[in-house]
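This is the structure I want to talk about, given as structure tokens.
Letters are used for the chains, namely A, B, C and D, taken in the order the chains are written, and counting of residues starts over at 1 for each.
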Amino acid sequence: MNLDWSLLAPEYVLAGWAAMLVSVDLFWGRLRKDWLGYLAAAGALASTLTSLIWLNDDTNFANLIEVNNYTTFFRVFFGLIGVFACVASARFVKDRLLHPGEYYALILLTVIGGSYMAAARELLTAYISLELLSFSLYVLTSYAKFDLRSNEGGLKYMLLGAFSSAIFLFGMSLIYGVTRTTQFEGIHEVLTGDTSGFELTLFLGLVLIIAGLGFKVAAVPFHMWTPDAYEGAPLPVTALISAISKAGGFALFLKLFAMAFLPLVDDWRLFLAGLSAATMLLGNLVAIQQHNIKRLLAYSSIGQVGYLLMGIAALSADNADAASALVLHLAGYVISNLAAFVCAIIYFNWTEKDEIADYDGLAERAPFLALALSISLFSLAGMPLFAGFVTKFILFQAAVEEDLLWLASIAVFTSFVSLYYYLVVVKHMYLGEPEEPTRFPTPWVEYAALAVLLIGVFLVGLGPQPLFNAVQDSTAFIFTGAEAAATVGAGP
Amino acid sequence: MGMDDAWLLPAVPAAAFAALLLFGKYLPRKGDWLAIGAIAASFALFIPVLADLLDEVGREGFAGVVSGTDWVEFDTFNLRLGFMVDQLAIVMLAVVTFVSTLIEIYSVGYMKGDPRYGWFFTAMTLFVTAMITLVLADNLLLLYVAWEGVGFCSYLLIGFWHERRSAAEAAKKAFITTRIGDVGLLIGIILLWREAGTFSIREIIEFAQDGGYSAEYLTTAVLFVFAGAVGKSAQFPLHVWLPDAMEGPTPVSALIHAATMVVAGVYLVARMMPLFVVADPVALDVVTAIGLTTVMLSATMAIVATDIKRVVAYSTMNSLGLMMVALGAHSVTAALFYLFVHGFFKALLFMGAGSVIHGTERQEVWELGGLARKMPLTALAFAVGTLAMIGIFPFSGFWAKDEIVNVAADELAWIVVAFLVFSIFLTAVYMTRLYLLVFTGRPRDDHAHEHAHEAPPVMSLPVLVLAALAVIAGFWAFDQVGRALGFPGGIGEFVFLDEAQEFAFPVVAAISSSLAAVGGMAFAYALWFGEAEQARQLGERFRPLYKLWKNRYYFDDAYQWAINNLVLVGGNVIAWFDRNVVNDTGVDGSAGLAVFSGFQMKFSQTGRLPNYALAIVMGVIILAIVFLAVRV
Amino acid sequence: MDWAVFATIAVPAGTAGLLMAIPSRHRDVVRYVALMSGSSLFILSLIIFGKYQFDDGGYAFELQLDWLGNVAFLGEKGITYHLAVDGIAAPLVLLTGIVIFAGVFMSWNIEYRNKDFFILLFLMVGGVYGVFESVDLFFLFFFYELAVLPMYLLIAVWGSSTDFGTFVRTKEYGAMKLVLYLVAGSVLIFIAIFATFVEAGQGSFDLPVLGSVTYGENFQKTFFPFFMLGFGVLAGLWPFHTWSPDGHVAAPTAVSMLHAGVLMKLGAFGILRVGMSLFPEGAAFWAPVLMTLGVTGALYGAISAMAQRDLKYMVGYSSVSHMGYVLMGLATMNEIGINGAVLQMFAHGVMTALMFAMVGAIYDQAHARDMTIFGGLSRNMPRHASYWAVAGLSSLGLPGLAGFVAEFHIFVGTFQADYIWAGALGILAAAITATYILRMLAFAFFGPFNERWASLKEMRIGEQFGGAVLIFFIAFMGMWPMPFVDRIAATVSRLPGIT
Amino acid sequence: MIPIQHFLVLSSILFSLGIYGVLARRSAVLILMSVELMLQAVSINFIAFAVYLAPEEFTGLIFAIFVITVAAAEVGLALAIVLRIYRNKATANVDEVDIMKW
């Protein structure tokens, strides 16, 4: 058993940094006002950089936590999400929230939770990381403590989260009962053998696990918390939930199903495909009816979950294509979505408004912001030049490779539907009459962060090869045994 | 310079057209000299071509000379800019180049002072280009191109004074009506191509004569082709545009709507005659029937028409119908002969009418009268034209009309001949009436009469030239005359496609038609000379007939009704259907369905936590049930 | 000259970038930059058209850059930035160059945020070039969507609404419908592309690679309709055409020109380049349906146009009608017909661009488009009237102008393919075209002068010039179609399944 | 020795009771307690499996301990949020907490 504690260094950095932030908040009042957010961002960045040490490594800590490219990819990914979340929060928190130290500390903790969800190689670790992520988010969601919406969102998120994690746990316990192990690889080994004796338990467990993870990633019908939590949470937290909770959920979802449950793929494929179809249909159709930008993005993200679930439904024992496609789209989606949220945050900072109708005439008052929001929304809709087009294309193609043409068809259709409600936002920004014609003051830091995200959107959209290579290198590790060998250097 | 260079004939006016279009504005006198020069040059070029042809024509198996170049070609598909000179083309060319030269000269006087003087000549030049191309085309495609081209020029020139609503409407009507015929023509052309694989007229004819087409197929095809001729030559039932086309300037009417363009239909049928011969006889019967109908319609309508140009226009329809009847009797010679002389005397009539209009600025016959004294030259010329049209010995019309009656008697049923003779009577009636009303009697509008003046020399000279030709052109019927001119013989000897036709002069036919003509003149004289009181009484007595004729058999009304109540309403129905059914229901409806389903679904989000939990539980249960049902 | 094709995409993209850098208050600078770019695109397009060697009809100006490969299901040449021009694309590239060149002149007067306008316009143009020049299915589709996307803002911001009292169509509606409709069409294309890629199993989206595979007959029959309908939507395939009149009417002049003139061709081009090239048997199976829909569109569009009062609606429906001819030509599945279809794409593109330009020219001054309230306008605007006439006459198939050459080929092809009824109806539709064109001319330009419009003046010189360029090409192709036919025929004869 | 099924039945009953509680109760606190019930069912499961099926390993037991710990934290967290709601709205009835819907 490898007990090399240094493997956990990035998380040490984060945890330490979180502690430091709390203390700074306590003792150094002046700094906390203006610089705390950026300090937190620096912490996330530091952890990101630290995690690069194990690039192309393949080892694990005590058979609990893997450190390989899959972990590294997600460490970097979540670390960057943390950076942007902190930067985007800076002004918002300063103006509107109490206790910034704890706020940023919690953000850093979500990064730890997310990273370990990707890194876990057994059920307990996975569960603990998931709860770490969730708990932090529960708190953050209800962070605006005098705001009823925030309270309500937090309550719903929290109670349903607890409920669903109980379901998830029950599922895990059943799986444990069947396989007598919590190690993903062990489960895989058992499931590869004859499972005829305990199918009932096994599938019940599987259903419960799907439900639990489905809740985490907001798959229909486990999605109900999403719109309310999104709307209730302070805007930067919404951004964080939409990015890290979903990405973490999928990191675990993917790993669990690729690493542990892959032998049963023929059994669960259609169920996930069904979930996926329901999710994208409901998410995108209901999004049409939304008037609040946060709720709109919530439903749109539900739609995106539908697409991502296709990636899991399309997992195959032969190759890692679907997994790579899923992670690729995950990256594309998160970048675009973060950009959209950063825009919403900037606008909220100016006006304290988040209804779509409030965006009237934004193009007059802040052309760059309007452009940036349009780009991110178009990217979410899967329009060319932007990340969404390529990543969706690859993802859908991956599904079709596994004979899921019908599912891909629904996906293409719903992503067409999604264009409508994104266009409605664009319409308000470019066609509406602004309340007053004055320009908004330019928030340079936020704009810089936005610009970086937009560059990301374009980079992925116009030159996805590097990202795709990185993704492929990382997903190669989540397939155990024989499949792993087959996946390296896969391709026709 | 010979037949191989025939392409120069259209090319010269084409170049002039391009120059006029681009720079006409900047040329002195707006370039009328260039237009006239180019057309005169065409005529000049025509003469060596004719001479060359006359050299060749006696040779064994001579069937015209083809020249030209490919326009579009790939694989086996080939569209040519090809020209063919043969006797048929030469006769037509003579009319086209010569008459148009004269009319262009005439126009200098007639159009003087018009704000779009230059444009008139530009368009006329284009017309001549297209018309010559039409005549010379060796393939159906080029023929169609030129066919549309002349139609377009006709549109431009009828609508020359387009500020007048009536002119704009007439132009539109002319174009669309002929276009309906052209639909048939194009279908016919492509049908012919489809089996033969070529557009070349000669090859198609050979293909047909070798039995390449089945009889029904060929009949269908030629009837479609004939539809084009019906439209262009203003035959029943597409004749309605021609009277309205008189909205154009008179030189236009003279050239396009009398001498050249309208006879293109006749020319087309003459060109395709070998096909009609091979095809089922029904095809020629249709030609005869339509020609005869047109003759009778136009002759009767002319009797009650009061616009000087419209009367002449009806007479044109009358003549065109006669030519069609001749073709129906498959006598190309008779048709072509009539076409040839008709070009002169009809242009003459129009130019005479034009002089009257120019001199008096009136065209209602009831506002004219007694002009013979004021405009003696015009009156003389008009008289010649009238006599030629009526067919009085020895004017040119006499010979030509006789020939038609003659072949009809040979080939067609007696009833047709009877109708023809009756139509000659009617022709005499309305032509005499027209002359009497315009040039004799008491001036009905003193103001117009006082101001009436003889046309300037630039106008009257061409008129006189034509008058002379209208008298003598008919003598070409005689072999002796033809030989004296250097032809192999008379026109019947010259124009042959199947075999040479002797010019026959059966006395019975000549006498009967002359009797009819003279009788008609006498009848008209009795009715309309002086105050025309008898005519009015006759009109009162036969009021229904009078109204029927006056209203042009209600064709225009019927068409207008059909356009208003069928076409436009149909258009509105389709447009309504498109907007309300296809778009608002089909398109917006399906979009609305998505929106509506979103609206319904959003209420599943009740905002209440237990419901959310229930959804999760239900999800689990459903998944579990399905899972187990499928799997266990 | 291999860079020329690349440049046609790089120039618009660069222009968009350059324009972004110009402060928006320098409206004239923006205009001149747009003009420069438009002219260079025009010249580039001429070069590409002129230099295309049509001996064997293959690809020329080929450029292939690796873009995404060796990942997941993608092979070595998975997705390549593969540009090339063949004899079908060459005229369409030229068409794009002509229309954008003229379009810049027609947009000269835009004052409201003209910088943004030109940025979007050039983005769209880049997309259009991309579709014509991409030989990689992924990029073809990439550019296809790219060309559609800027339409929304272009129409919704700079467009105009229609209000006839009883009949109201806002520009937002037109814009939204147009964009959604076209993207809806691309849903089908998307699906078919996925299926094709899997079926081919080559790990590449390159069209020549995909084309080298023989697909099963059932597969072809199943998926050809996806391409046919998907691309057909953009080509105005009846009954999926209603975006076209409403969208074109709402759009600003240059956008209508480009859209009706060029973008609609993308649809037909897509059917040809993707659908028929990959699935010849499927195409043969579905050709009767395509023919029926094409004829229906041709007739139906013409009849609808006859009932319009709004000039722009008339032109919009006429586009539906003329694109019906294009689809008929494609459905013939023989060389003559398909040549005709491509010729018609060019002819209709130039002609309809001219028509929309003329509507725009008059709308700029009169702020009205109802033909029935005008009258005798040719007195004050003789040149404008004559431009209209040329465009109209070309559209009704007058010999000597571009429309005739194209339509004639299509009709001949249709007869050759034994769709005699369809050919006859198509010819009839051309006659109906004459009706509505002449009706419009008679209403608006002829007849007594309506003094209400005494203030109208002749078009601006820029508009005259832009129009003249279009007229030049209408006449050029009408009189000397060989340069076009040579190129098109060389490539069409190489298509699989063509008789 | 008691057969493992008894434990499993017990845990299932507990779990179902928990679910019932979550669905049926309107008080946030009671819902929370029901969730705790479900978590206890999970713990029982884990312990039963660990003892009966993999006696030589401690995984299941450790899992149970963690579940209990997490449950405790969860209660603390949830109660804090419920408290906020109660402060701001003077109710802990989840049916009344529905500003956000649709």
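Here is the rule we go by: a residue touches a chain if its C-beta (ideal position, glycine included) is under 8 Å from a C-beta of that chain, and two chains touch if they have at least 3 such contacts.
Computed from a predicted structure; not experimentally measured.
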Of A-D and B-D, pair with higher C-beta contact tally: A-D
Centre distance in Å when chain B and chain D are each reduced to the mean of their C-alpha atoms: 96
Intercentroid distance (Cα basis), chain D paired with chain A, Å: 26
Cα-centroid distance, chain A relative to chain B, in whole angstrom: 77
Whole-Å gap between the CA centroids of chain A and chain C: 42
Residues within chain A bordering two or more other chains: 155-156, 159, 163, 167, 227-228, 289, 420
For chain D, residues contacting two or more additional chains: 22, 31, 94, 97-102
Sites on chain C at which at least two other chains make contact: 180
Those chain pairs that satisfy the touch definition: A-B, A-C, A-D, B-C, B-D
Touching residues (chain side chain A, partner chain D) in the complex: 123-124, 127-128, 131, 135, 138-139, 142, 145-146, 148-149, 151-156, 158-159, 162-163, 166-167, 169-170, 172-174, 176-177, 180-182, 227-228, 231-232, 289
Partner chain B, residues of chain C touching it in the complex: 167, 177, 180-181, 239, 242-243, 245-246, 300, 303-304, 306-308, 317, 335-336, 339, 376, 378-379, 393, 396-400, 404-405, 408, 411-412, 415-416, 420, 423-424, 427-428, 430-431, 434-435, 438-439, 441-442, 445-449, 481-482, 485-486, 489, 493
Footprint of chain A on chain C - complex, ascending: 66-75, 127, 138, 141-143, 145-146, 149, 152-153, 156-157, 172, 176, 179-180, 183-184, 186-187, 190-191, 194-195, 197-198, 201-203
Chain B contact footprint on chain A (complex, rising order): 155-156, 159-160, 163-164, 167, 199-200, 203-204, 206-208, 210-211, 214-215, 220-222, 224-225, 227-228, 267, 270-271, 275, 282, 285-290, 417, 420
Footprint of chain D on chain B - complex, ascending: 602-603, 605-610, 613-614, 617
